[in-house]
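Here subunit A shows up in two complexes: once beside subunit B, once beside subunit C.
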Partner chain A sequence: MSSLLNFLAIGVALGALYGLIATSMGLIWQSTKVLDLAVGGYAAVAGMVTAAVGFPWGALAGLAAGVAASLVMGVIFLALQRRGVTDQISAAFASIGLLFASTSFVLWYFGTDPRYVEFITGTWLLGDISFSRQGVFNVAVAFVVVGAVLWGMHRTPAGEVLRATAISPRNAQLIGVPVRRVQLSMFALSGLLAGGAGVLMVFTRGMSFGLGLTLTIAAFGAMIVFGVRGLVTALLGGLVIGVVEAVGAGYFPASVASMVPLIFIFAVLVSGRFKLEGARP
Partner chain B sequence: MTAQVTARTPVREVSPSQRVGPAARGRALREIAPVVAVLAIAVAATPLLLGSAGLMDTSITIATFAIMAISLGIAYGLGDMLSLAQATFGAVGAYATAIATTSWGVSPWLSLILAIALPAAISYGMARLIVRLSPLALALATLAFAELFELAVNEGGDLTGGYIGIGAIPALPLPNPAVSAHVLGWVLVALAMLVALRLRASNPGRALLAIGTDSVLAKSVGIQVNSHLAATFSLAGGIAGVAGWFYAHTRGYLAPNSLSLDISFMIAIAVIVGGRRTILGPVVGTILIVLLRDHVPGETSHGMFYGAGLVAALLLFPEGVTGESWAARWRRWRSRSSSDRLVRTLGARKEGKA
Partner chain C sequence: MRLRFFVGATVSVAALVLSGCGAGTGEAQASGNGVAEGEPIRIGAVLSLTGAVAAFGVPERAAAEVAVDYVNENGGVDGREIELVVADDMSDPTQAARAAQRLITDEGVIAIVGASTGSGTLAMAPVAAQHGVPVLAPNGTIGVTDPREDFFSYVFRTSVSDEDTIPALLERAKEDGAERIAVFYQEDALGRFSAELLERLDAEDDEFEIVASASVPLEATDVSAQAIRIRNAQPDAVLMPLSSVGVGGSFLRTAHETGLNVPMYGALAVAQHAIIDTAGAAATENLVVANMVNPAEPTPAQQDLYERIEAAGHEPTGGFPDLFGANSVRVIAEALKLADELSSEGLREALESGEPLEAWATVPYSYGPDNHDGLSADGLVWTTVRDGDFVSADGNL
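Right after this comes the complex of A and B.
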């Protein structure tokens, strides 16, 4: 029983990071209806930059790198809009292109070695259950950040503008909202969230060049687990995916554990719970 | 007398489809021209490739991936089903033939049947589940399937060879293996193109066009939307299986990462860059991508070029390089530059008068 609870604790700490990346993906999805599959790439770039720069400025440099990577996607999105390429699959594919490019950049610039930075060490014991302090910090940061984003979106004038743009970019433009700038700032915010997850990931498990796609898949699973309802459900979905992965890794071979989120994603997609435009009769 | 003979001459009933006039013949020749062009280029290039093992290998690689790209061209170009598991279906065919030939001693020619049937059956079963999804959800479902297959192969034990893979896959029993593989590869490419052409011209192909235009309307006129799409997806899976069979017997070695998700992405990029709605597009896209991969220095930087190439193609040629109307683009450019000249001339005259 205690081992199961320990796996749960590990899963929650990891899931908080998945949730943060899923929140980033959900934010872009809600505001632009673009499935940004490059979010894992933003996290990977941010994590590797953090490790390369080191303390004390590594985290800030990592966040800046995450934002810069997401702004590239923002510019691509706006360019596609301007060219009249507005279908979801083209934008998603462009984000896959960016994911490829960012993974390749990390491999080319930082090499194949995984990077890890020690930040908060030690554990807290509660009975037989061991809580990593870094893990607790991750969960706290994820909840505080998502809470702050939600507060900003629902309680500030800037948030009203963001929501108005998300609901109807055309109407927002008619009332004088600089829609393109607002959409670009959404991408920047998304990069900040995913980059933050990447920074925390390098403190928790380390980061390697190939993690971008894995993080994207985990985040996508997290985003759709409760049916793409909002940012809180994306965060909670991340916790579920993290727990399933950690418990699976505890009791089954690593490959089988890795299959669980994928089977889950496949099942959710086939069930049609993730509604997208263009579904057939 | 002459009139009687004429009257006795039997008159054969000719259906409208059999009345082949010069226009129809011309159209048929135009349609088949890309296939002939691809074969002609492959034949013309053969003497140049003979002296270089590297170039011959590149040609075989292009042919392998081109077959997969054509299969994706059928699924995505005709059926609007973007599969990110096309290399996975190829891998199913490759593993089927590798296991059949190395473990059971089956002839490579006989195992071709298995290499086609197994991916076709798997892709059909999968298609029945996913064809009603939106294109993006379908693509993501195939991505999840591709990842699952790779993990399953890793855990396949002695059957799949796990992480190590399967070695010593017999080469095809042909004289001069490298040249034969080059010739066979491009013949398979031409055959795949012909299958795609035939499908386009057939009733199921027209049904697919109707589904692509408006699936609700297609269903309302009695077209079995899901059955047609599933059959097309299965056909594409079977053709990808042929590519996998060819890959296994020309490489001689197969591992989980041989035909991985990266290759599926590469194939998808090739189809998008080349043009998914044309017969030639997938082949042209594959040639561009493989040559880029082979000639850009540093393997680690390939992804940056793929990514940038994909984004550039989406922005500049949304219908792909071969789907673009270059004549119209040239006319637009000409008219724009002439109108710019006119504006400049008028501006200069105005300034002169002032």
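Right after this comes the complex of A and C.
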């Protein structure tokens, strides 16, 4: 029993990071209907920059790098819009290209060695259950950050503008909202969330150049597991995937555990609860 | 209509696959490539320059290029220069097979260095064997020199086989007093072959018991569950047949944090400074690594190799990627000097001659018709970590 509780604790800590990245993906999906599959790349870039700069300023530099990376996707999105390419498939493919480009950039600039930055060490023991202090910190940060984003979107004038743009960019433009600037700021906020996850990841597991794709897959699974309803469900989806992955890793071979996000994605896609516009019916 | 197209396409693909299998198993193997008069000797390298295991492929390429320069500066092969043609398999075994095909048929290479992983080598070996081109494999993965495989005649290992290193790790752990042993391995050909070997050894040997076994994918985001699982089994020691220093470092740190402070044994790939950076110095104090080089005290020849790599603008890893990337090229060159003709078949026969082939390992390579593992555990050096650096644990085995 204590083993299971230990695996649950590990899964929640891991899932909080997945959830943060899923929230980033969900934010872009809700506001622009773009499936941004480069979010794992933002996290990887942020993590590697954090490690390269070192503690404490590395965290800020990492967040800035995450935002910069996501703004590249924002610019690509706006460029596609300007050229009249408005289907979601094209934007999704562009984001895949950016994901691989970011992986190549990290490999070229930072090299092949994995990076780790020590921040919060040690564990708390509750009976037989050990809680990583960094893991607890990660969970707290994820909930606070997602709560702050929700509060900002629902309780501030800027949030109203964001939501209005998300609901109907054309109507928002008619009432004077600078839609492109607002959409670009959504990408920046998305980069901040994914970058934050990358920073926490480098404090927790460490970051390596190839993790971007893994994080994207986990985040996509987290975002759609409850049916793409909102940011909270994206965060909770991350916790679910993290828990199932950790419990799977605790009791089954790694090949089974690593399939968990893919199984979720498969199940949701087969159920027809998630569909890209422009895709064949 | 769609269904008919789908069925037709499936049947066509199946026919292609089956015809490909027939070509690989039933037809006579080609005699490989030769070297035209006045042309340089072309050697291919299929390495993982991008993707999950680029950590090996990138330094392997740098070292292989340095080895090519070294051979050419020292007279080449009977006055003929060698030339390296590098292909990136993107850490994907399927791409490794395609890259090998291209290097052999389009570039006319007489031998191939690679792949960076045992999985990649296992994928491209049938292709190379079908064309009669030798592969110099810098992998420990047991299966790459399995005599039962059709490609056996054409694959020559330049690393130490895990069939040697795993028993060596086990013996070392037993000598250090371990009876309850846990295994933490990565989910690929290297890890699985090693885990299976340990299970066989466990069945034959009453002096130890495998009390837990946990595996991890190469790009795992977290290994805490595996660390807890192993800790709960209360082992005396952990054997780590893995090559990913990211995963290895993460495991060492997590194990240390969760109170699993027992000796951890790894080999070759684990002996990279990145594992200390990832795990932290405190978590690596219990690490014991069988290596081909003592990073603190490399041989003069190894030191010269590292200086050449630095002079070429690369940073030596100080571990096995440098050594085996360079050794693979050097072994080809040394064998070609003994060959009756500058061709794939001439190289293969020279490699099997049993003559000692000098490279940058602590002992010369030596292959035979029934033995394609050029090195044995005799060449292993035991190292551990003190004050954040690899140091010698003791003498040779």
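Just so it is clear, the second predicted complex is superposed on the first by the 275 of 281 C-alpha atoms of A that agree within 3 Å, B and C clash if a C-alpha of one lies under 4 Å from a C-alpha of the other, contacts with A are read in each partner's own complex, and residues count from 1 in each chain.
To be clear about the criterion, a residue touches a chain if its C-beta (ideal position, glycine included) is under 8 Å from a C-beta of that chain, and two chains touch if they have at least 3 such contacts.
Since the model is a prediction, treat every value here as computed from it, not as a measurement.
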### Message
Between subunit B and subunit C, whom does A:Leu107 touch in the aligned arrangement: first, second, both, or neither?
### Response
both
### Task
In the overlay, answer first, second, both or neither for which of subunit B and subunit C A:Ser132 touches.
second
### Message
For A:Pro253, using the defined touch cut-off, is the partner it touches subunit B, subunit C, both, or neither? Pick first, second, both or neither.
### Response
both
### Query
So, A:Ile265: does it touch subunit B (first), subunit C (second), both, or neither?
first
### Task
Answer with first, second, both or neither: which of subunit B and subunit C does A:Ala218 touch in the superposed model?
second
### Task
Report for A:Leu99: first if it touches subunit B alone, second if subunit C alone, otherwise both or neither.
first
#### Entry: subunit B versus subunit C as contact partner of A:Ala79, first or second or both or neither
first
### Query
Of the two partner chains, subunit B (first) and subunit C (second), which one does A:Ser208 touch, if any: first, second, both, or neither?
second
### Message
Looking at A:Glu118 after the superposition, I want to know if it touches subunit B, subunit C, both of them or none. Which is it: first, second, both, neither?
### Response
second
### Summary
Residues on subunit A touched by both subunit B and subunit C 103-104, 107, 213, 253, 255, 258
### Task
Spell out the residues on subunit C that touch subunit A in their complex, using ranges where they run on.
50-52, 54-56, 58-59, 91, 186-187, 214-217, 219-226, 228-229, 232, 245-246, 249-250, 253, 257-259, 272, 274, 277-280
### Query
Which residues of subunit A touch subunit C in their complex?
3, 6-7, 10-11, 13-14, 17-18, 103-104, 107, 111-116, 118, 121-123, 130, 132, 135, 201, 204-206, 208-211, 213-215, 218, 245-247, 249-251, 253-255, 257-258
### subunit B - residues contacting subunit A, complex
82, 129-137, 139-141, 143-145, 147-148, 151-152, 154-155, 211, 215-216, 219, 225-226, 229, 261, 265, 268-269, 272, 298, 300-304, 306-311, 314-315, 318
### Message
With touch defined as at the start, can you tell me which subunit A residues reach subunit B in the complex?
### Response
35, 76, 79-80, 83, 85, 88-90, 92-94, 96-105, 107-108, 213, 217, 220, 253, 255-256, 258-259, 262-263, 265-266, 269-270, 272, 274, 276-281
